[in-house]
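Shared between the two complexes below is chain A, which pairs with chain B and chain C, respectively.
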Partner chain A sequence: MLATRALSLIGKRAISTSVCVRGGHGVAKVEDYTLPDLSADQKSLKEKEKGSWAALSNEEKIALYRISFKQSFAEMNQGSSEWKSVVGGIFFFVGFTGLVVLWQRKYVYGPVPHTFDPEYKEKELQRMLDMRINPVEGFSAKWDYENKQWKK
Partner chain B sequence: MAHPTQLGFQDAASPVMEELLHFHDHALMIVFMISTLVLYIIVAMVTTKLTNKYILDSQEIEIIWTVLPALILILIALPSLRILYLMDEINDPHLTIKAIGHQWYWSYEYTDYEELGFDSYMIPTQDLASGQFRLLDTDHRMVVPIESPIRMLISAEDVLHSWAVPSLGVKMDAVPGRLNQAAFIASRPGVFYGQCSEICGANHSFMPIVVEAVPLEHFEKWSSLMLEDA
Partner chain C sequence: MRDSHCGNMFRAVIRLSASGARSLARSRPCYSAPLASRCYSHGKVETDEEFDSRWVTYFSKPDIDAWELRKGMNTLIGYDLVPEPKILDSALRACRRLNDLASAIRILEAVKDKAGPHKDIYPYLIQELKPTLAELGISTPEELGIDKL
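Right, the complex of A and B next:
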């Protein structure tokens, strides 16, 4: 994947055609590890930094820090309120979906089969108990056949 | 059959299904432990303030997280293979029944002694008698004697189907032109429901299986009656 410059005066060299040449993200740019251009005050402060640090006042120390770093640890670690918008958005869309579902149930779906009627469900339930469906640990195991009620 | 909102397995109606239930408990417990551990580690990693940019290799933990999963896999594989071989043991069936899948019903043939055969269609919803289970009940049930090893020979007339009864722990594909053998013992009397388990067309969801396990005398009476009706 390396292009070559065969005709150049400096001879055959491989040209890397990858990210480092294009200066894309992930490349170590010189701005990342050298100091920015400094004002006159900042330059004199940098000279003072070469001496004893005990001689620096607190404001000077802070000014030196701010030359090198954009944010303090506290500013870096503070959270934002973005989570409130995210959670609010989630609730909104879930609620909207619920409205869509309710509308569908009313205006799109047909009636459920007659087996969903409560009386039919009771008969099904009784038939499941009579047939001893899942009598070991499951369904019929939880029914008290003597007293005709669910076990407590 | 399952009761409404049931999540777990149905109660076992055969010894093999009992084994499968216990194995599932064992494997699920291992899975829960691994998931809890991983979830804990994720939370710990995400919420820690400690950083170390210069970690290179770490032989001890690499050994642990290679050996431990291998041991866990052995712990799962051994019971699993045991049941696999258990299911394949030579048994001496008392009865052989052929279950043949059609679009869209099952037919059963009991040909050990006489020629008994019948179709088993799902009862349509509008024809249900009071209390019958929608999409599960059939007009004829496959009746078997309890506590007897049964050999099932499963095939199909047209397309792929699959004969499955969860509480008996049986599922076997019904392949046209092929006989697949499955075996089970119904350890208790009862009615056991299943559904076709291989997509086979429009009414794939509407060709259920009902097995009725009864004492031997009742089975003999039933088969005589069925032969008369035929």
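Right, the complex of A and C next:
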């Protein structure tokens, strides 16, 4: 209700031509299918249009076209470079997120458990070899037990 | 699924999409008119000729008004086909009766757009419509240079 009154101050067309005040669409507005106000030149051109079209020059034909249609098909269908902005924006925000993650690692998370220490990891590795983990085709199969090194 | 090539005679109205939409592909002398089996639940199948003549009749109305022209063209362009030259001829003559050159040029642009990737349809249409275009004095978008940016 308030929006209706506010909007009626802006446009001179009645709000009732829209299906709803907020809607992104409306019923057909008369401006969409009637000719716009014509200048004197355009009016005389429109009169000339009632005669033979062969008598019109190319410029006149284009002028008549432009009265009725804002954009030609070529203009309407042309692409834009908007996608570059979109992709650029994606990269930017992904990069920013990466910075946030790095900051988090440094300032938010506490230390990792002691089980990540290199010495502990060595002991884990030795234990796995001792247990013959996957001795046929996997882990221990790659260890040379004779020479105490990884197989070449 | 209809084919649209018979000999070298190439018809403008071809199947534009392979989906289950109703096919209004042209049939030429080598095919009999209606297809025998169609997956419609009921109702008569309209042949291509019936479709074409219905639309030619629509645009041939002597006192057609501007709204009817716009409505007809918008509906026709909404179909999954490129209209036959004779339908376009009828529509262009309706534009002439309405003294609307802009719509005539727009119709030509629209059918070129409808043909999509099938680049040989539009030249065929222009070739078929050449007498009418000359008679009515309609320039093609290419002649006016508005097909380019």
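Operating definition for what follows: the second predicted complex is superposed on the first by the 88 of 152 C-alpha atoms of A that agree within 3 Å, B and C clash if a C-alpha of one lies under 4 Å from a C-alpha of the other, contacts with A are read in each partner's own complex, and residues count from 1 in each chain.
Simple rule for what comes next: a contact is a pair of C-beta atoms (placed from the backbone, for glycine too) under 8 Å apart; a residue touches a chain by one contact, two chains touch by 3 or more.
Nothing here was measured: the structure is a model prediction, and the numbers come from that model.
In the superposition on chain A, contact is made by A:F139 with chain B only, not with chain C.
After overlaying the two complexes on the shared chain, residue contacts for A:M131 are found with chain B alone; chain C is out of touch.
Applying the stated contact rule after C-alpha superposition, one finds that A:N58 touches chain C and leaves chain B untouched.
By the touch criterion stated above, A:R105 is placed in contact with neither chain B nor chain C. Shared-chain residue A:K29: touches no atom of chain B or chain C. By the touch criterion defined above, A:K123 lies against chain B but remains apart from chain C after alignment on the C-alpha atoms of chain A. Legend: residue contacts after superposition of the two complexes on their common chain; A:K151 is shown touching neither chain B nor chain C. Of all the residues in chain A, the ones that touch chain B in their complex are 113-115, 120, 123-124, 126-128, 131-139, 141.
Listing the residues of chain B that touch chain A in their complex gives 1, 3, 6, 10-12, 125, 128, 130-134, 167, 188, 190-191.
Within the complex formed with chain A, the residues of chain C that make contact are 67, 70, 96, 99-103, 105-106, 109-110, 112-113, 136-139, 141, 143-149.
Those residues of chain A that touch chain C in the shared complex are 33, 46, 49-50, 52-56, 58, 61-62, 64-65, 67-69, 72-75, 77-78.
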